[in-house]
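Pasting the structures in now, so scroll down.
Heads up, the next two complexes both have chain A, just with different partners, chain B and then chain C.
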Partner chain A sequence: MSELNQQMIEQYRTRFLQEVEANVEEGEWVKMCMQCGVCSGSCPLGKHWAHPPQEIFMMIRAGKREEVLTSDSMWMCTSCYNCIVRCPRGLPITHIMHGLATYAKRLGLAPKNQPTAKFAQLFWDNLVKKGRVNELKLGLSLYFMNGFGEGIKVAMKQQAIGLGMLRTKRMNPMEVVGGHAVKDLDGFHKMIRKAQELEDARIKQNAG
Partner chain B sequence: MADDKKFGGYICTGCGIGERLDTDQLEQIALREGKMNLCRQHPMLCSAEGVQMIQDDIDNEGVNHVMIAACSRRAKVEAFNFPRVALSRANLREGVIWSRPDTEENRETTQEKADDYVRMGCAEVRFMEIPEPSGEQELNKHILVVGGGVTGMQAALEVAEAGYNATIVEKAAQLGGHMAQVYRRVPTRSPYVDPQDTQVADLVSRVMSNERITVYTNARVAQSSGAPGRFSVEIARESGETLNGSFGAIIQASGFKPYDANNLPEFAYGKTPDVVTNLELERLAREADGGPIKRPSDGKEVQAVAFVQCAGQRSDKEGHLPYCSGFCCTTSIKQAMYFKQQNPGCDTTVLFTDLRTPGAPGEDFYRAAQRKEVTFSKGEVSEVVSADGELRVKFKDLILNEDTEMTCDLVVLATGQVPNTGPDPYAAPLEAEDEEEEGGETAGEEATPQVSVSVESILNLDYRQGTDLPHLRHGFVDSHFICFPYETRRTGIYAAGPCRRPMDSAQARDDAAGAAMKAIQATVHAAWGQAVHPRAGDLSFPRFRKEGCTQCKRCTVECPFGAINEDEERYPQFNEARCRRCGTCMGACPVRVISFANYSIDTVGQQIKAVDVPDEYSEKPRILVLACENDAYPALDMAAMAGEEISPWSRVVPVRCLGSVSLSWITDSLNSGYDGVVLMGCRKDDDYQCHFVRGSAMAHERLSKVGDTLQQLNLETERVAVYEVAITDTKRAPQLINDMAKTVDEIGMSPFKF
Partner chain C sequence: MAKREYSFYPGCSSQKGASSSNYLRSVKAMCEELDIQLNDIPDWNCCSASIGYAGGGELPRLALSARNIALSEQHNAGQEIVATCAACWLATRETSERLEEDESLFAEANQALAEAGLKLKNETPIKHMCEVLVEDIGYDEIGEKVKKPLEGIRIAGYVGCQTNRPFGIHGESYENPMYLDKLVDTLGAESIPAYEKKVQCCGGALAFSEPEKSQEMIKGIIEAAYDNGADMIVTPCPVCQMNVEVYQDQINETYGTKFKMPVVYYSTLMTVAFGRSAKDAALDGQVIPAKQLEAIANR
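Up next is the complex of A and B:
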């Protein structure tokens, strides 16, 4: 567990709802859930979740900090927005799930080897480099996500698709070296850094 | 009187009647068999012209008995409204042409049906009298309100605003009732965010300063008698003084008694002062008056409070209330805000199984509490334990499906309302209960409500059927929660507020307005000699031939509204204004001495006789259908509108209520050669739909023995069938008649045809 996690535990003690409200994106909505369960019933992947959104909200109110933040449930969200559309109370459930996942990761509590978490990290790293997603590199990094041997195997399997894309000029092989960036890459990096600073300052302040 | 009768028959040829039927033949039947003095046809009788034609005959020809052969008696009621005239309607449209197929082979039977309906319409009107108001009451613009809580005060103010006088009788020393103890109430206007002043003080001052309202505190109703328009009430004051008053109507607003939380030892009530009921919390909040609420045991400021919803309610456990009191969820939300307002950091948890916030503020108020960080947990509380200056609330989290617990300083039990009503006149007597236990028999009657703690009479009526308003369920005095609010089973006495059904103060005030309007209506109708709901405006009332009466008392016992008392000679005393005109007394009377001016044993009996019953070899059976005019008859009308076919052999006679059906009609019809009888009344069980509450049930009870009559006549018991029919049974009602036609086909024609 990270130092930040310890600080947060100290800071909020049993008031996990307040911790979520202050630190999680859209977390202030959690208290407005009326436990109707429409979100859980609407989630296409709901049955694969250990705790569907309704339960997550209840667990937050019940102060089950450890269980919520180490859960892989919110990592299962595919952002289909069914729950948001249907929630009678208008809770931005999808955003709350992502917010919880992000907060868990920041505290170092996110489950290890969770594929969505891994993908999210690869995507982020890829994105911030040039300000745009380098599809070729992202694809390749996904192939080799679980080791070199498996990467080769997957690459061989996807060979035909890759060649087809090359032929129809859907994929530029030269992107693998460097790749092109957004117009003002420096500006983009500055912007990301500033956002990160603000976010860190807020969390630090919350951590006391 | 009979000599003064002049009969006019009117046949409409519109809506296809003229094309489908030989109306000239109908006219001849009306004149020759129906003995109408004159008969006219019109292509559209309900038009201004057609109506004028009838009115002209009334004005110029002296016609005072009108038979209209057109559409159902439930259609065109406004057009065919002739005051001071006896009126019968032959249902040729829905009853004949719309419910029979328009084909050549059916033409004969359709015409026969129409012929019979005209004969029946003529027979009915011949035996009708023009109802005259009884003149028993004058307009008495004074309403008695029993109970001086929010409901009673509001009712009195509504009555006063309408220009009537009101007298409030309150047993306590002050007005205000339970609401006077309440700190703040749920907001009644948007935004529904914060609790607001109860305004009870304002209500009290408005009542006290209103010159139309008289208030008696420390008083009770010692005796009441009479009828709407002339209730005579004795008010006894604590000082020993008694006052007599005459009132047009009575509003019972006796409110509720808080549920006794001593029945809840599992929640540590009584074991520690830190477990309180919702009403007791109001007292704590009043004491704190905006400051921190302190717990009773040691005066510590409350930092964590749990609200246990449905405490002793919605449960089938002994000593618990089986129903939801409706107000407690919103009340707990309001009370949680008391804590949050003063200390936003206070942990407030509402433990609920189903949160219900009825009324306009409901959902918004709930949201407002969520915004204030009141925690709502769906959980079932099993136990509250007091230990080491803390309370541990054990509950099952119903979302996470696990047993868990929380600690807090104060527990508030959301307990419910027990109606404060008098003894039920129809409760099974105690001896009978003992017998049942010994005999192991289970009676169909509802057991005595266990929740009714009050056995002290509230109204002290001198009615033959008991001192107080009959209970509907759980001790609440209503006659139907959905269909007839405020109506009780005693005419001219209306229930409002939590003695009618559990409710909050906002609903009680609405209730008060409703009951006040009803009370005024009853007063006015009584003065006019007219009935109130459901036969509002009816001038007829039961009369009886004293010479024929055997003093059997069936009418006094069976009247669903307790309208009939006994006089000194033990003859029935029909209090006309207390009567709802259902005719249950008429159906009950074994010697047939009770009748109404326009509805009697004869008006129906003669219709039955008027029907042409073909001989045994004609293969044309006749089926008599006695249908309740409130539900079954309109169901048949609607079936006809929808094109459902109804057996050509059926002859339908509408009755005011199945309870008014005299067994003589059934034996007479069977004796005169009818092949089958179908009786259609309303649903009669606990969720009854009978407009006269017990009419249908009484009829079913009486008719349960009709099989013996049939056996005596050596007839098959299948020839008489009794059904409960709802107004929505538009497919089933015709089917039941057609089934009887099939049955007759199977068992053969009646041997009683001449």
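Up next is the complex of A and C:
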């Protein structure tokens, strides 16, 4: 468990709602939930969520810190925005789910081997490198994210799709060596670093 | 001079050799016919779609779109931003609204941008290409440009998620949007307004990380199109297009179905209906060929 996690536990003790409000994207909305359940009925992958959004909000208020932050439920959010347009209280549910996932990751509590958590990290690393996503490298690292043997298996299974994309020029093997990039890569990296610094500083301050 | 000019955010998947490069090709032809000039945002970067959140916190993600808006305000001053990708549009517009609401985030975003010598004013409207078509141009003007009506083709309008929620097209319902159906009718094809899966999620980026769960949903989207007698599916979203088109063989294998349903973009339909070539419409970019459109384009 990370040091930041320990600091947060000491800082907030049983006040998990306050911790969420201060540290999670759009977390200040959680208290507005009236537990109607509309969001839970709206998730396209809902049947796979151990704790659908309504339940997550209830658990936050009940102080179930560990259960919430180690859950893989919010990693099942497809960003479909069904919940957002339906919630009678106007909670930005999608963003709270993303925010909880980010925060859990930051504290080192996100479930290991959660496929979307891995993919989302790969996606971020891929885009930060060059400023633009390189679909081929992203695809390759995705196939190999569970190790080499597994990767070959997945890649074989996806081969037909790859060939179809190649034939229609919707995939470019040359991307492996070069690929698309922003020109002002230096400025781009400085900007991301600065944004990261500012955010880290804010969270550190909350950790006391 | 073109009648309308926009600052254009093409997005990663439209780049040369990327998964929706065919979308961009048909959009360009469509815009030529509609007298729309698209000025690329110089040196644009990725928006992080809706999936970068495991690695990037809120502010770094907002900074990405803030940079694009700032570049647009600097180089394409006074022009509205238009995006063709649902995720790009969503991320950009969301950033603009979040930074409008939250002064401290706005200040921090500008602090980050200053590192790249940029400054965000955040005064630029951000539109999806469908808004441009429906709101700025309108069905009548689009109808006037039709040279080859798409007669005899039954098309299921699959709007999907992010083109439709949380922003959507002004005046359209989130649960039963009709604009894609109206567009299909305007082009002389036959729409299916009661296509019940029109706003069903395809899994989005989770089609990669949770393939089985996503393909179960994709199966429903295609099945309903067949049940409604559709010849093809049309969509405004590159993620939807890719997910619904390219996994059909795998779905057939898993479920014993016999799917072979072409999935095209609205811009594909429009380019063909406007009388342009199959190449301009990027029909060669279909993994599952849209034969009826090829026949019309080659006529």
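The rule we apply is simple: the second predicted complex is superposed on the first by the 207 of 208 C-alpha atoms of A that agree within 3 Å, B and C clash if a C-alpha of one lies under 4 Å from a C-alpha of the other, contacts with A are read in each partner's own complex, and residues count from 1 in each chain.
The definition used in the following text is that contacts are C-beta pairs under 8 Å (C-beta built on N, C-alpha and C of every residue); 3 or more make two chains touch, one makes a residue touch a chain.
These numbers were taken from a predicted model, which means no experiment stands behind them.
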When chain B and chain C are modelled together on chain A, clash or fit: fit
Partner chain in contact with A:G108 - chain B first, chain C second, else both or neither: neither
Greater residue coverage of chain A in the superposed arrangement, chain B or chain C: C
First (chain B), second (chain C), both or neither touched by A:M76: second
Centroid geometry (CA): angle chain B/chain A/chain C, rounded to a multiple of 10 degrees: 80
Which superposed partner A:M32 touches (first chain B, second chain C, both, neither): first
Contacts of A:R61 with chain B and chain C, given as first, second, both or neither: first
Touched partner set for A:L17, first chain B, second chain C, both or neither: first
Minimum Cα separation, chain C to chain B, after superposition on A (Å): 17
Residues of chain C that touch chain A when the two form their complex: 12-13, 15-22, 43-46, 48-60, 62-64, 67, 108-109, 111-118, 161-162, 165-166, 174, 200-201, 203-206, 208-210, 213-214, 217, 246-247, 249-250, 284-287
Partner chain A, residues of chain B touching it in the complex: 355, 366-367, 370-371, 373, 375-378, 397, 399-400, 404
Touching residues (chain side chain A, partner chain C) in the complex: 25, 44-45, 48, 76, 78-82, 84-86, 94, 98-99, 101-102, 105-106, 110, 115-121, 123-125, 127-128, 131-133, 135, 142, 157, 160-161, 164-165, 167-172, 174-175, 180, 182-184, 187-188, 190-196, 198-199
Complex contact set, residues of chain A against chain B: 17, 31-32, 34-35, 54-55, 58-59, 61-62, 89
